[in-house]
Every structure is written in C-alpha cells, then in structure tokens.
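The letters A, B, C, D, E and F name the chains in turn, as written, and every chain counts its residues from 1.
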Amino acid sequence: MTTDATRHDGRAPDQLRDIRITRNWLDHAEGSVLVEFGKTRVLVAASFTEGVPRWLKGKGTGWVTAEYEMLPRATNTRSDRESRKGKVGGRTHEISRLIGRSLRAVIDTKALGENTIVVDCDVLQADGGTRTASITGAYVALADAVADARAKGLIAKKAEPLTGSIAAVSVGIVAGQPVLDLDYPEDSTAETDMNVVMTGAGGFVEVQGTAEGAPFDRSELDALLGLAAKGIADLTALQQQALDAPARDRQV
Amino acid sequence: MTTDATRHDGRAPDQLRDIRITRNWLDHAEGSVLVEFGKTRVLVAASFTEGVPRWLKGKGTGWVTAEYEMLPRATNTRSDRESRKGKVGGRTHEISRLIGRSLRAVIDTKALGENTIVVDCDVLQADGGTRTASITGAYVALADAVADARAKGLIAKKAEPLTGSIAAVSVGIVAGQPVLDLDYPEDSTAETDMNVVMTGAGGFVEVQGTAEGAPFDRSELDALLGLAAKGIADLTALQQQALDAPARDRQV
Amino acid sequence: MTTDATRHDGRAPDQLRDIRITRNWLDHAEGSVLVEFGKTRVLVAASFTEGVPRWLKGKGTGWVTAEYEMLPRATNTRSDRESRKGKVGGRTHEISRLIGRSLRAVIDTKALGENTIVVDCDVLQADGGTRTASITGAYVALADAVADARAKGLIAKKAEPLTGSIAAVSVGIVAGQPVLDLDYPEDSTAETDMNVVMTGAGGFVEVQGTAEGAPFDRSELDALLGLAAKGIADLTALQQQALDAPARDRQV
Amino acid sequence: MTTDATRHDGRAPDQLRDIRITRNWLDHAEGSVLVEFGKTRVLVAASFTEGVPRWLKGKGTGWVTAEYEMLPRATNTRSDRESRKGKVGGRTHEISRLIGRSLRAVIDTKALGENTIVVDCDVLQADGGTRTASITGAYVALADAVADARAKGLIAKKAEPLTGSIAAVSVGIVAGQPVLDLDYPEDSTAETDMNVVMTGAGGFVEVQGTAEGAPFDRSELDALLGLAAKGIADLTALQQQALDAPARDRQV
Amino acid sequence: MTTDATRHDGRAPDQLRDIRITRNWLDHAEGSVLVEFGKTRVLVAASFTEGVPRWLKGKGTGWVTAEYEMLPRATNTRSDRESRKGKVGGRTHEISRLIGRSLRAVIDTKALGENTIVVDCDVLQADGGTRTASITGAYVALADAVADARAKGLIAKKAEPLTGSIAAVSVGIVAGQPVLDLDYPEDSTAETDMNVVMTGAGGFVEVQGTAEGAPFDRSELDALLGLAAKGIADLTALQQQALDAPARDRQV
Amino acid sequence: MTTDATRHDGRAPDQLRDIRITRNWLDHAEGSVLVEFGKTRVLVAASFTEGVPRWLKGKGTGWVTAEYEMLPRATNTRSDRESRKGKVGGRTHEISRLIGRSLRAVIDTKALGENTIVVDCDVLQADGGTRTASITGAYVALADAVADARAKGLIAKKAEPLTGSIAAVSVGIVAGQPVLDLDYPEDSTAETDMNVVMTGAGGFVEVQGTAEGAPFDRSELDALLGLAAKGIADLTALQQQALDAPARDRQV
C-alpha cells in the first residue's frame, strides 16, 4: 500500500464525489429521485401499487423489488438495448437483485401490508458506482413512496414499513491505495473493488469484494471496510438532509 | 366543429405547450438533448460511430437510425419493461421506425460517408406527444453529432449531411375543436389524432392521421394540416434558437 | 407533376388493378376471403369466439383484432420466418395494428356482445399493397363472420355490430404523377407513398403518407387524397358485389 | 381386425382422398405447388438460391431443407401464431425435419453444386395428413425448382440432382380396420397411426408408427406397410402426371 | 447384406452393450435412475406432484410427460446450452415428445388420479442411443415414483397406473449388416437407423426408421424388427431384475 | 452469538461436510470432475478448444469462462428448465459469472495462448453450497484440462497458465453461531450467509456476504472470515490430494 497520493480528480482517499439527491424529479411516481454521484446520474422511481404478486397473496405481507437498467448511451460507447437483444444480461440481473435485497433489509413487510413497491433505477449516465448510487437514491424514493401511501391512507397511519435507512458505496484499491467511491477511471484500473451496503445504524447488509488483479489480503480488506463505513455515514447524512428538506420543485 | 373554447390548460387552439430544448445534457454522447413539451420529457442521445451495418458496406453511404423506448414509470401507472418481457412491443417498433424515417428525410447519406448515427430517444416522462417531442429534439442532437464529427475530422469539412431541419407536432380534434400539440388528457379524449412531420422549409415528410371515434372529413383534415404547419414553424424557430446559443452547460 | 403518362402496366392513373374477392375460401373459418389486388394475394380468415380477453371481461363489449404476416416466399426473394427468428418485426406489428384499428372503426363493440373476432391476414403473394388488400378483404370476411354468428344465435338477431364498410387503398407519386393502387415496381420507386383507409360512406379512418424521397407539398397531398377517395368508392362497390353474391363454393 | 366396413366418407380402405396438385401457384418461387389431399391444402414454395450455409462452404455440395408451419386458422379452432409466442413448437420442428430428410433422400447434393433449396410448406387448411401432403407436393415443387435452375444455367445441363421421386402417405388402424390416407376424423380416433415415406422406386425412407391406444402387433404392422406401398404407388403416378403436364397457369 | 462380421467393439450383431440401471441415484426425486448403455449415461428423475395441468383439471385423470436434454459436454465437442440460445432445438423437442408418448403407452391415467409425473432425462454422456436409454431407464424411475406415491397414500392402494413395462432400443444396418443397439461410431455410419419402443409383452408402441443413405427394402425392415424384438426382451429382463432388487444405496 | 452448540448433522462449527472429488468422471471432456459436498453433487466438465472469441482474436491471450445450471430435479421440488422458459434466470447468470471470475483469478491468459476453456458446472443434486462446490471442483477439472492440453502440445511445454489454486466455501451465522459449509437446512435459516473464494496461498478473490435477517456487525464478519480461511485450507489440501492421485477410472 502506498502513501496517500492525491487521486486523479483531486479527492482525498476517503472523500465521496459531489453527491446530489433531487427529490420529486418525476410528476407521476409516488417517489422519485435523480441521484448523482459525480457524473453518474440515476433516475429512481418508486411505484406503489395495492396488492402483491400471486405467491404472496393472503399472507398479510407486502413486497419490495427493484429493476436496474442502463440507457444505451449512458456509457462512453453505445451498448445495444437489452429489449432489442431479447434478453436481460447477467450484470443487469445481478444488480437488480442486489438493489432489491438491500431495500428489503430495511423494510418490515408486515407493516407494509399487502402492497407492492417496485423501484426502477435507470442509469442515465454512468461514471462508476451506478449500483451504489442506485441504492442510495432508491432509499430516498422509497421513503417518499411510503410517506405518500400513508398520506393517502393506503397503509396504516401508525405502520412504519421502514425499519431504518440504507445506503451503498464502493471502495477499492487503486494504485496500491484504498480509496472511497471510485469513478470510472479508478474502477477500471482498481486491483480490488468492493461494494458495501450498510444501514444508517452501521450494520452490514451486503459486502461484495472482488480481486480484479492480484488477490487481496486481510489487512487490505480491513482497510476497505473502514473506508466504506466512513462513506456510508456521509451518505446517510446526505439522505437525511434531502428528506428533511421540503420537497422542492424539480429543477432540470 | 365548435367555436374556439379555451383548452383545459388555458392554451389557445394553435398554441404549443412550453417547449424546452436543453443541449449537451449528457457528457459522453456526441449529441444529446433533453427535450420537453410541457410535462413530456425525452432524453435524446445521438451516437456517432465510424462504419456502417454490413448490408451497406462499400457503398460509400452512411446510415441514421433511431430507437425509442419509455422508462417503466414514465406514465401514470408503471408498465413492465420490454427487456423483461423479452420482446419489443408494436408501438415501440412503430415509433422507432417513424423517428428514423423522419431523420433520414433530412440526411444526405452520401455526405455522411460510411458512418452511422444512432439516435436514442428515451422517454423519462410521458404526457402526450412523446413521438413528436422525440423527433423535434432528435434533430437538434443529430445536428450536434454531425458538428462534432466534423470538428473531429470524421466527416469532410465541406460535407453537409444535413439537408434541412425536421420537426414534428401532433394535432387533433378535441371536443369538436381542432387543436395543436395535445397533452395526455386531450390525446386520450380526441376524436381524431394526427402526427405531422415537416421540414423547416415546410415540406411534408409524414402525415399520420387516425380517427379514434367517428371518421373525419376532408374539411377537418384541412384544418388539422393548417394547424400543424403553424406549429412546425414555431418549433423550427425554437430548434434554431437552441442551436444558435452557445452550448450551455447542462442544468439539472 | 407531369402529364398523365401511361403506367408501366398500362393502367390509367386512377385505375385499380384487377380486384378479386373470393369468399369462403376456407372450410373451417367463420368468415374467409382470398383477396387479390393484381398479383398480391392475401388469405383472410375471421375467427369468431365467445368471450373476450381478460381486460375486457364483464364490460359487455366485444373485441376485434387482427394479425398480419407474410409467408416466407411471398416476395421475390425468400425471407426468414418470424417464428424462427423468435420475434415479430416492426413492420409486421405496425400493419397488424393498422388492420385492427381500421376494422374497429366500423364495429360497434356493444352490439358485438362479449365476443371476439380475430382476423388473420396471411400474405400468400406480395406485389405491393398487401396492407390495403388485407383491410379490404378483411371487411368482407368480418361481415361473413358476423352473419355466421347471427345465424348461430351467438349475437342477437337485431344487433348490428357493423356500423359501415371499410376499405383501403394506396396512392403515391410515381415519376412525378399521382397514381392509384401501386404495385411493387411502382411502390419501390415512388417519391411519396400514402395509404388511406376510408369508410364506404366516405369518411377518413387512417391517412398515412410518407415522403420516400423529397418532401411533398400541400397540392400533391390534395391530389393524392382525391385519387384515394375515387379508389375507395370503387373498392366499396366490389365489396358490396361480393357480399351480395350467394357465397360460392371456392375455386382453386 | 374387423371386416372391410365402409369408411365415414365412403372410401374403400385402400383408397386415397381426392388428390390435386396445382403447379406454379405462385409467380415468384422457382417451384411452387398447391397440393390438396381432400380438404387438406398445403402451399409449397421451393426457393433456389446460389450458395450454401457456412458449414458447407467449399465442399462442393448443395443443401436442401424444409420449413413447415400451419396458418393460425388452418384448423377447426384458431391457434396462436408461433411467431407471436416467440418460439416454434415441437410438432412444427419435428415435421419440418421430416420433410427435409425425406427430400434429401432423393437429392444428390454433389450434382446440386453449392446451391441451396429451401422448401416452405405452409398449411392453409388442415384435415389430417398435412405432413404427407407436404412431402408429396414438395417433391413436385422441388423438381420444378431444379428444372428452373437448369434452364437458367445455375446447375450444369447434365447434372441430375434428383435421384428419384419421393412421396408420403399415412396409414392407420381405425375401428379395427387398416386404412389408407386418414382424414382428421379418422386420425383423431385411430388406434395406430403411421406415416410412411417411400421413393417412387418403392424403397422405404421413413417409417414412423405410433400406437395411440393399445400397442400394435407384427401382423397389423405388416398390413399397414402393405397399404402404404399401394398408396405411394398411386401418389407417384399422380406426381408424374402433374409433372408431365405443361405447367398450367394457376387457377384460383 | 453381408455375413455376420464382428462389430468394431467385438459384439455380436444381436448383442446389447453393457447395460447398467442404478436406482435411487438421487435423494430428492420420487424415482431416479442412472441408466447406462455402454458409455451412454442418462440421469432420469421422475417427479410426482399432486394436481394436473389446467386443461386436465376436473377430469379425474392424471398426466405423465417427459423432458430430455443433453449437457453441453455430453458429446465429443461442446455444444451451446439451449437455455443460453433461448430456444429448445427440434431434436430435443422431438425426443422429449417420444419419451412422453412411450411412457403414456403403459400408463392408465384414470388409475393415476389427478396427479402428474414429470420424467426428466438428462444425458450426462452420449455415445449413441440416448433416447432409447432414456426410455428404458425412465420406465424404472416411473415405476419407483408410482410405488413411492402408493406408499405415501397419494394414489389408491389398489390402483395400478402401470399397465405394463416399456423399453426401447435402436437397430440399424451398418456396413450392410443389421445390428442391435448402435453406439456412436456405428450410428454415424449406419445406412439405416431405427428406434423401436415396445412393451414388455411384445407390442409395438413406436417404430421410427430412417434411411440415412439408400432407401431400405421390406426384407431389411423385417430383419431390423426381429433384432429389435430380441433386444427389447433382453432389456425387459434387465429392468425387471433392477426393480426386483432391493433399492440399493447409490454408488458413485 | 451462542456457545458452540452441535449442528443438526453433528458437525463441529468449523467442519466441512464429506467432500469427494472424483476425477475423469466423463470420457470426452478434457477435464471432468464429479464433486460432492455432502449431498450436493456437481458434474464439472472443462472443455479446451483452440481459438478465442472474436473480441480477443489476435491479442495472444486465452479465455476461461464458466456456465452453471441446475438440473430441474436437483432440488427438493422440481423447477422448470431455463431452456423451456426461454431465458436464463438472474441467479444462474450471477453464479456463472462468479465461477468464471474465480477461475480467471488463477489463470495467466498469456500463458494459455489463444485457447479457450469453458467450464460447465451442472448441479445434479443440490443441498446447499452448489456454487462453492462448483468452484472447488472446477479448479481440479481446469487443472486436468490444462495438463491434457500440454500433453497434446496445444500449449507450450513450459507455459504454466495456472498461477495457483482456487477454492470456495460458504460460511454463515445459524442460530447465532458462525458455521462453515452450510447445507440446505442451515442455509435456509441462516441470518447471514457469506461465500468466500480464496487461493490456495490464502488470498481473497471474492467475498460475498448478505444479511438475510438482521444486519451483521464487524465482529461477526471477522469470525466468518476466519472460518472461511480454515475451510479453504482444508479444501485446498483435498484438491491437491485428488490431483496427486493417479487419475482413477470413474466409479459410478
């Protein structure tokens, strides 16, 4: 591990990119957020509907699920649409499942009642960290959708389906140095890449680390987990700040 | 046909909604536009790549095509993703084809050389007129992509692939009155609905009229065509104004 | 626009090809027609079934829909089957939707009761105008299917689901001259191509015009609409004549 | 086995239905036939193209293959299109493969040169025996396509890709009695059903027998094989007669 | 036909390969068998579930069906998975259907009650005869699944859904000589290839013969049917022997 | 965390299930292993082919990839085949990708040359830990495929594509206690579930931990990582032992 060299964009190793969370970016959705981690820009829409999938009917519990997808020109070169290819790729499936599991970690499905919330995360522009931005923004959209349902009387006044907050951040070893919230240039050269999903209370929900080059050792793993905890704390504060603000009119 | 009653949103019969054309909304795409017709909001990305599909190779001509799609929560209630359904719906195909034909009407493929421009139109929010907003915005993104290619020397300095401008608008008969640029509440109650694509010079490229209720007669058709010509002239001016401005930094 | 030159097959500009409408070409279908516009040959089968799709149940209204497809060797060179490609192409979807909308324009779904008619239009041989031949033949098959249902007591004796007749024809500008009912050689060289669907009473149901080369102007559009009205009147007479005849045994 | 009772349509046990083979039913295809076995009606198109699939390139041999499909309303009740279902059913695949193998049994692929013939068999109306009618008609279309290619100089004057003729017929045990060429009412009640493909010279190419109810014994099998040989001889004569006639103009 | 030359692996013309039938190879399935015909190795699992497909509900009869598939490296060179190709091939469909029909020939669906047995035949290694090994092994797995259901009281104590035993074997003409149970080297050079499915009582259920090269004549067909009957008798004895043994613990 | 209670199957918390690695279970594949973790049984086939996918051509490097799938009756109740559903599920994609990444962590693709190894992992029976068994067995099959290629001269004598060994194991918190190598009953009740992939030298390649119930804290994470390291060391020894043995003939 090297000393703390400056990162290519001037950030400190434990510094997040500029994070923007714009609530109510859409007019129709029960909850919606445009979340930005630097140039990464994800549009999140949380759709609340009464009723649950067939396999859950009559059990008195709700369901939260997520779908993630990238627009064809979110990235530097255009990719074919999965709809045109007629099948959803493995990476898309994997991230959709991760987002859904992460959100369900802070949902009390009994308190939700027999209702479903589908959270769509569409990446408008990608510059690294699209899955962590998605989860972080999705929590805010989910909270708004729950509040909207409560206001409309679709869930009980006293019911609190949200058991906590959830956020996600990437950490990795770049040029020998553990860093927080990798952008694409860092991500594509990282030796190790890890995505960490944690609750606002500091509990781990998902830890997914991958050695892209050489395997990593236990001390590197420990350093990355420390950075992640710091980043999650920062993101949790930003989420709270966004939710505390009166829902502004969107600004495009 | 009734007298000119005020429309539900206070517009005059021949008045467009508020139109916004924000260039360079994306960082990667060669041309990109966030185009808004009232609450309808479409993200257009024009991707320029060297080379052409196999069936065009060696003919010295380029290719312009388009793909249209709606995000699942663009509409009032969530729709399933076409990628998950494993097939692209008829409406999506139809509009994609219309956008592509419309753009090709103002492209000199010889002057483009053996290059391809794919124009992606993703509807972030729908409130009527998504195909006409797409075409109108796509022209601006296309112009930017062509300018970018020229600046990079990918097409000849003197080549002018664009033979004119193109825009589109809907017209229809609502409550007996011919009106311009229908929003969703108008579109869903219109007796007749027509989409018109015209060049900036006033030539017709596409005319697609459908009787949703009773058939329409020749005089109604004439009235609609007149309204459309007026709307296209307004949109052409707005496109030009957007292109004349220095490409602003995006504002979200 | 040039003077009225003779067309490549000797027809006058406002002359239809030889039209043949053979009823009851099939033994099983409730209504069936082999319709021929010159060498274009479409087999239409109208299938009447009791009940409606799920989304219409209990509303007391029926449903009419259409599916269009070409046999692989309908055209000059063989095309792959859409069933083998695993997906239905955009053109096929688009024409299927057009036929369905056109037929529904002359159907009173209340009078139809909770019954469904699916109209299959399979192009056995293509020489231009397959969609217009399909619509024109489909009306006759639809009328036979309705009559058959009435005879069987599946719809009320006094109910009249058909509110009029419907036919379609193509018009276009070929070598500078507006002409009616283009065959393939004309269609593939037309500067402007327009499909017009009208009721027997002369109302417009669909107008779909496309500039294949240069944009067209208002006077050209007017000329085309006039030709179309003339062609529809001729086709309406031929449909009526076919329906007035006793249903002949088929002749292969 | 019972005595020779009359069949439901009055045929003798070893009697074919009325067989009609109409050549040149299509204008574009190199060979085409409308073949009818009673009410069963199959349109066969043989498409000749220069070149072979990639896996055969450079081997100096040609390729013959077949595709079978039923129109949705060929049968008594409408079936969904395989193209809309997005996949080809097992029965369709199985029959396509059978037709292809049968035709290749009388093709000398060396003599065909590096050319491909695709034979499309589309069932316009089904009343039992669609696969046997397809094979029987396909041979005639294939012969016409070969003759056409020879006339155009696409295969050598002296080359004879056809090594013989091929025909197919069904046999089965119905109400205890072995019968030839089952129609749908017989087919759906047969205890045993067998399709036999033979050359005009009397050699077996395919034998596919299935016990629908009780297993069949060797003597029944022998009786069925005898009936089949008789039927094939009759069909071979009819094929020859069709090919001997000057190719008539089609009569619809 | 030549004299009885020794086969490439030293077998007599009427000799089966080494046949192994290992019951209970799986822990979960109601019936399971690893069946081996020489190097051909198929894992068969019979799954018993209460209830029937929708189209059979309320008729008081059960359903037996089969699915066949090969692992990608069952063969000498790896094949792509059908799941990744997104469609099931014709051969796979055809064999699945054959296995299902064969099993249903010895099932009394009334006695089975409204229950379903799905028999999965997955080819772990292929060396010719995978469909015949599948059927032969499937019978044993089916018998075990029926016995298991009876033991669990899911079918009546006295009900006997099995009306007999079923087995299958291939026969063919290799180097002019009729032989039994072809392995891959024989199968790939056979002039004629036939699969025969018979009951233990000697009745024919399926006969599928194909001339791979020259057509075969009646005397060859007779010779093949004789060989098949001999092979089926041997297989029937081996099935019975396997079923008579106490169900051994599996040995891998 | 509770005291070290005995596990439901009597194992100590840090004890693996019975592990069996049977090499050369298949005759055709360049490397093959039947790997068993208790009742979990995975058939692994490593297929070596010359050449690389198109996107790697001419770069002088090879490619290793993996495909994972479960047989329909591997589990307690039958699942539909992904091939019949026409699409591969998210879980299958995710595990296939994990196995591929894990294997590539110990592959020097330069030393492999322009060759491809596809490793198929088919789960014959599932009782928890199918992905970890797959990776552990896949390493052995991969080593055998590399040795086979070297013996055949397909890779250079001195080239060593394998840079180390790789194995995987699951750990989790069950009833409050961290345990190693969870079987299905444990997996389905675990509060936290983690899959760890490590090299034989003790480096981390993948760490994937998920809170199934309550989030986990850092001390729990540390305990799980310690257990995993112990399990990997045991598996590495078993892999080595299997590879040291002369390749036995398979025993079914």
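The rule we apply is simple: a contact is a pair of C-beta atoms (placed from the backbone, for glycine too) under 8 Å apart; a residue touches a chain by one contact, two chains touch by 3 or more.
Which chain is which protein? Per UniProt: A, B, C, D, E, F = Ribonuclease PH.
All figures in this text were calculated on a predicted structure; none of them were measured in a lab.
Equivalent interface to D-E within the set B-C, E-F or A-B: B-C (over half of contact pairs identical by residue number).
Taking the CA centroid of chain A (Ribonuclease PH) as reference, the farthest chain centroid is that of D. Greatest centre-to-centre distance from chain B (Ribonuclease PH) is found for E, with centres as Cα means. Rounded to whole angstrom units, the spacing between the C-alpha centres of chain A (Ribonuclease PH) and chain F (Ribonuclease PH) is 29. As a whole-number value, the distance joining the C-alpha centres of chain A (Ribonuclease PH) and chain E (Ribonuclease PH) reads 51 Å. Centroids of chain B (Ribonuclease PH) and chain E (Ribonuclease PH) (each the mean of its C-alpha atoms) stand 60 Å apart. Each of the following residues of chain D (Ribonuclease PH) touches two or more other chains: 86-88. Taken as a graph of touching chains, this assembly forms a single closed ring in which every chain touches exactly two others.
The cyclic arrangement of chains, read from chain C (Ribonuclease PH) in the direction of chain D (Ribonuclease PH), is C, D, E, F, A, B.
Interface residues of chain D (Ribonuclease PH) facing chain C (Ribonuclease PH) in the complex, by the touch rule stated above, are 20, 22, 26-29, 32, 34, 36, 39, 41, 43, 45, 47, 49, 67, 69, 71-78, 81-84, 86-88, 92, 118, 120, 122, 124-125, 127, 251-252. The residues of chain A (Ribonuclease PH) lying in touch with chain F (Ribonuclease PH) in their complex are 87-91, 93-94, 96-97, 101, 105, 194, 198-199, 201-211, 214-218, 221, 225.
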